[in-house]
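Across the two complexes that follow, chain A remains constant while its partner is chain B and subsequently chain C.
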Partner chain A sequence: MKKNLLLKSALATATLTLITGTAQAEEGQEQTTPASKEQAIGDWKFDAAFLFYSESDSRVSAIEPVFNANKRLDEEEYLNLKLTVDSLTGASPSGAVASDQPLTFTRPSGNASYTVNANQYPLDDTFKDTRVALATSWTFPVSDMTKAGLGANISKEYDYLSASINGNISYDFNNRNSTLFAGLSYAFDSIDPVGGAPIAFGRMQPVGDPQNKLSGSQDKDTLDLLVGITQVIDRESLFQFNYSYSMSDGYHNDPYKVLSVLDDQGNYFDDGIPVANVLFENRPDERTKHGLFGRYKRYIDGDILDVSYRYMTDDWEIDSHTVDLKYRFAFDNGDYLQPHVRYYTQTQADFYQPYLRQDQPLPQFASSDYRLAEYDAITLGLEYGWKSSGGNQWRMALELYNQTPTEPEKYGVLQQQTLLPDWNAVMLRVNYSF
Partner chain B sequence: MKQKLLLLLAILGFSVLSGCSTMGVNAWEKDLLAKPEMALDEQPLTDALDDHIYFSKEASSGGRAYAGGGCGCN
Partner chain C sequence: MNEALHTIAYKTSQGFVTGHFTAMAGPCEVIIETSDQELAEKVTQTVADEAWRIESTFSRYRTDNIIYRINNADGDPVEVDAETARLLDFADLCFEVSDGMFDITSGVLGKIWKFDGSSNVPYQNDIDKLLPKIGWQKVSWTNPRLQMPAGMALDFGGIGKEYAVDSAAQLARQITELPILINFGGDIVATAPPVSREHWLIGIEPLALGQNTVPPQVALKHGGVATSGDSKRYLLHNNKVLSHVLNPKTGWPVADAPASVTVLASNCTQAGMLSTLAMLQGKEAETFLQSQEVEHWIQRR
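Entry: the complex of A and B
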């Protein structure tokens, strides 16, 4: 117990040093802070999490530790600080289609090349990055029934910087059975791709030749708005309903994604240049999204049912539906077991194209990013939670994710290839609160 | 599409608000709802990790709580 107090005090000191030593802005991403009921005024509360994520076929794997410190400043006033580190390695689909011939691609840097074997799904194995994100938020009462929050966030990786600020307000009414919530967030992103940002629909060039790339960084601004209501239904249940709006403006391309240019037989069109005939993608520079979200949570004799549904639609013509179901079985000793099922389905973006054809005119926008295609995804998970002898909460979860795309239309020799293979990921997460 | 969505929102908003005034419990009946595990943001770190994964791998994101910082993963 004493050791625990010492640890807490050391962490509190470290956290304060972190705040005072960091002049940059940070951001909170959840609407409120994780305050436990037992947290006394002036007390710090700490949460740590560790995620291991690994995709099938040697695609991306990641380790992501998170550390959160929360101080109760006053009756209803909290300060929250969060540090996230995200370390990624592996290979990511380049957007090119497989061929019955080996394919050579120039790496994003323009300084080296790599070859994908015949009949193999093209992955770019240069994917390696570490992201560090700092977030802070301050929640405080405005009046008896009104609370507000302010937050800032900064996230930095090798080729990407994102900074955002946010504010929110919530109002309790109807005997505190109803809460209205409104939040606003503005983010500024700057991307400085390895080797420069490609010229839209620029042809990939061989190593040593001038690349079709621009120098300097590219920017994007995003404005997010969320309004919602939380309502107590009866002694055991409540629901939440949100509307969200998001508008982004600026550079939306993935600078590392390409589209294959094929001939009338489905082969790569031979234009005499000794690297695969691929063009860099081009997406619209604006996107507006609308979302509706509903959630129902019910206490059932110690167990808890938590179910939610989300509908999203945007002007890229992507519509998605997400259903999420968790059921927490409580044991007599305070442990719990929580199975989780999530189903997601989306339509493709209106400019999604798995490939381009030499004999057809170039569209205004095109991307072959698999994330803009039509697919379904399922997550199955199991979480176990228990308390240590000191009363601290542990949680351990294993989740499996499977994405099943709709195979696009094919012709000629392309019919021998899978353009969008299914893929899986395994996630292992450990949380500790103290 | 946009108009349909706005109309749907208006109808939903109105029904939710008018329905809310008839729902709820007295303060002394909130013992179960006050349990930490019944809070809607019971596990903020888990939610943030999940949001980050799905943001990186799916075209739709956010909607549950308001969005956090971006990253180069999408």
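Entry: the complex of A and C
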């Protein structure tokens, strides 16, 4: 007999597996809900979440209730329905640079204007929307070792419609210690911007002048592919690896983002039109992304260590790295505390430009969207989970996010301005399963 | 199973409600620190139902359960449900870590060994006939399919009761956070220490009354306690006491096994397996448990 301490901990893990039936800690998908109760066939299980999100400097804030219902149809067959409602308010960077003069911009509707004070970072405060999204999925066994899933999503905002269908299949082998999976998804997006989609590089017009705006909606098709493997290493740990491919075709512009046109001193170039000289952005109409993802999960005497790394690269030349670390401390009474750290860094898109210059030729593509710039971001979070006296699971998470962009090159009077300020966000999520 | 025997008797005293019932061939009790009789009865009913469910699911004496299907498959493969699969995985691990000393196919030895305090030791000839029918390594187990040579039989007796206690405790915790002690014939789990005192106090049955002036007691806050061994189950052979713990490789009782081993661990199944493995160590039982760094009590004759 192996007379060592490993035997006791091997038994501890094995007995936990035996009693709770949750073998390899919730493997697979991001943020799967830990089953708080054994769900009998025919039973519904519900999950309600409430998310509050707020960015610094009165940028976007959002309130998002989520309701999830899951029905166990058979031994390994589930139906899932998820309803999300997003309510966004606040202001978003318009893409224009600040100036030592006040700047007047026409609202996207074309019916009104707003003014940004001198030396202030231009935010478009018309950002207000409600999104309703419904997702449904059905997972079912195909054979002993093969499981499949089919799903559909639809999401509607005032100016945006997104619909997608997806399918996936997984195959267990090697005594169920290995799982191969593959997924395919097709999405159709249609945007019908307030006041019409602007013509690429169109000059912002004064109130009441609808020229430079297109009528009708703009569409985009996206195809996503995912293949991966999950490998149980031993009774306490598992490794997951996957490759993802995404190809999209169609309208990729943000119809509300503009680029400032500056003269050789760094001032807005005065062309006589009584609104700031800005052009609507223009992005390529295709994008191909590749991603590699690896995750290691380890069970340590009831605690769970979860480390992952993601690398993404695309033909817009944005390369990103994400390192994510979570550690879940389990308490004797079943509660847990989970600190979370994430670091993200990306390079800028090859057509990212903070502004355009009147004395230089117009490039083929350009966008000053801060999301396409070079930046680093850190997320710090803490989640606490506990069970109510009725046995239902509560989870509460607080996350702090900080984004630090690399300030682009400046010249002339522009040197007095910050083109890409740091910003922070705070997120609070409360989740209840019953 | 006689459903009429599924009754629970309640008793209330000093802030505790105790429910008594019979399951798994023995007395069971659920003690809850509460004045809420209704809640206490709900918890006790849940625990008792789970005990009766597991008893009937894994009993060797029924013809309508998975154990019957496995033991009467005559060498054909049997597909098992998820719970049975978890028990088989666990038994497989225990077989592995004990170098084959813990074996759920060894139950057939019970046909010839009767530990009734007599000296009726079976003939070696009969033992030899049974040995080929023992050995988990002869069973092919690939979740969810089990294939066992004809003539062999599985018996979850060595883990079933401890598992039942843990499983019932799990269900009880989902109903209430109140401190609960569940005791299925000496296999015990406490979900939390009582509010009114420091810990639960559990007495270990002494070898013989009067022999130990103070019976050993276990202070349990939460976790599981299990005892292997039974002072009343032994045989006399060549002036020596034979314990009822059998070595599946020889078909004979393990030499110099303690009379009883009690272990305190994080759950009852873990405690039960550690105490069983200690018994199987014979005279090395003490050394084994010391190396495992668990609280334990060993009684020897």
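FYI, the second predicted complex is superposed on the first by the 395 of 434 C-alpha atoms of A that agree within 3 Å, B and C clash if a C-alpha of one lies under 4 Å from a C-alpha of the other, contacts with A are read in each partner's own complex, and residues count from 1 in each chain.
Everything that follows uses one rule, which is that contacts are C-beta pairs under 8 Å (C-beta built on N, C-alpha and C of every residue); 3 or more make two chains touch, one makes a residue touch a chain.
The structure presented is a predicted model; accordingly, all values stated were derived computationally and were not measured.
Chemist: Based on the superposed arrangement, let me know which partner A:Ser308 touches: chain B (first), chain C (second), both, or neither?
Modeler: first
Chemist: For A:Arg176, using the defined touch cut-off, is the partner it touches chain B, chain C, both, or neither? Pick first, second, both or neither.
Modeler: A:Arg176 contacts both chain B and chain C.
Chemist: Between chain B (first) and chain C (second), which, if any, makes contact with A:Ser389: first, second, both or neither?
Modeler: second
Chemist: For A:Gly334, using the defined touch cut-off, is the partner it touches chain B, chain C, both, or neither? Pick first, second, both or neither.
Modeler: A:Gly334 sits against chain C, while chain B stays out of touch.
Chemist: Of the two partner chains, chain B (first) and chain C (second), which one does A:Asp224 touch, if any: first, second, both, or neither?
Modeler: After superposing on A, A:Asp224 lies in contact with chain B but is clear of chain C.
Chemist: Quick one: is A:Gln240 in contact with chain B, with chain C, with both, or with neither? Answer first, second, both or neither.
Modeler: So A:Gln240 only meets chain B here.
Chemist: Between chain B and chain C, pick out the one touching the greater number of residues of chain A.
Modeler: Between chain B and chain C, B touches the greater number of residues in chain A.
Chemist: Just chain B (first), just chain C (second), both, or neither: which does A:Tyr299 touch?
Modeler: In the superposition, A:Tyr299 contacts chain B only.
Chemist: Using the touch definition from the top, say if A:Asp144 reaches chain B (first), chain C (second), both or neither.
Modeler: In the superposed model, A:Asp144 contacts chain C only, not chain B.
Chemist: Which chain A residues contact chain B in one complex and chain C in the other?
Modeler: Residues 36-37, 175-176, 235 of chain A touch both chain B and chain C.
Chemist: So in the complex, the part of chain B that touches chain A is made up of which residues?
Modeler: It comes out as residues 1-2, 5, 8-9, 12-13, 16-17, 19-21, 23-27, 29-38, 40-41, 43-49, 51-54, 57-60, 62-74.
Chemist: Please output the residues of chain A touching chain B within their complex, sorted ascending.
Modeler: Against chain B, chain A makes touches at 27-34, 36-37, 47-49, 51, 53, 64, 66, 68, 82, 84, 86, 88, 129, 131, 133, 135, 153-155, 157, 159-160, 162-164, 166, 168, 174-178, 183-185, 187, 189, 191, 220, 222, 224-226, 229-236, 238, 240-244, 246, 254, 289-293, 295, 297, 299, 304, 308, 310, 312-314, 316, 318, 320, 322, 328, 336, 344, 346, 349, 371-372, 377, 395, 397, 401, 403, 425, 427, 429, 431.
Chemist: Help me check something: in the complex, which residues belonging to chain C touch chain A?
Modeler: 82-83, 86-87, 89-90, 93-94, 97-99, 101, 142-144, 163, 166-167, 170, 173-177, 192, 222, 265-267, 269-270, 273-274, 277, 280-281, 287-288, 291-294
Chemist: Give the list of chain A residues in touch with chain C in this complex.
Modeler: Touch residues, chain A against chain C: 1-5, 7-8, 10-12, 14-21, 23, 36-37, 75, 144, 175-176, 235, 332-334, 387, 389-391.
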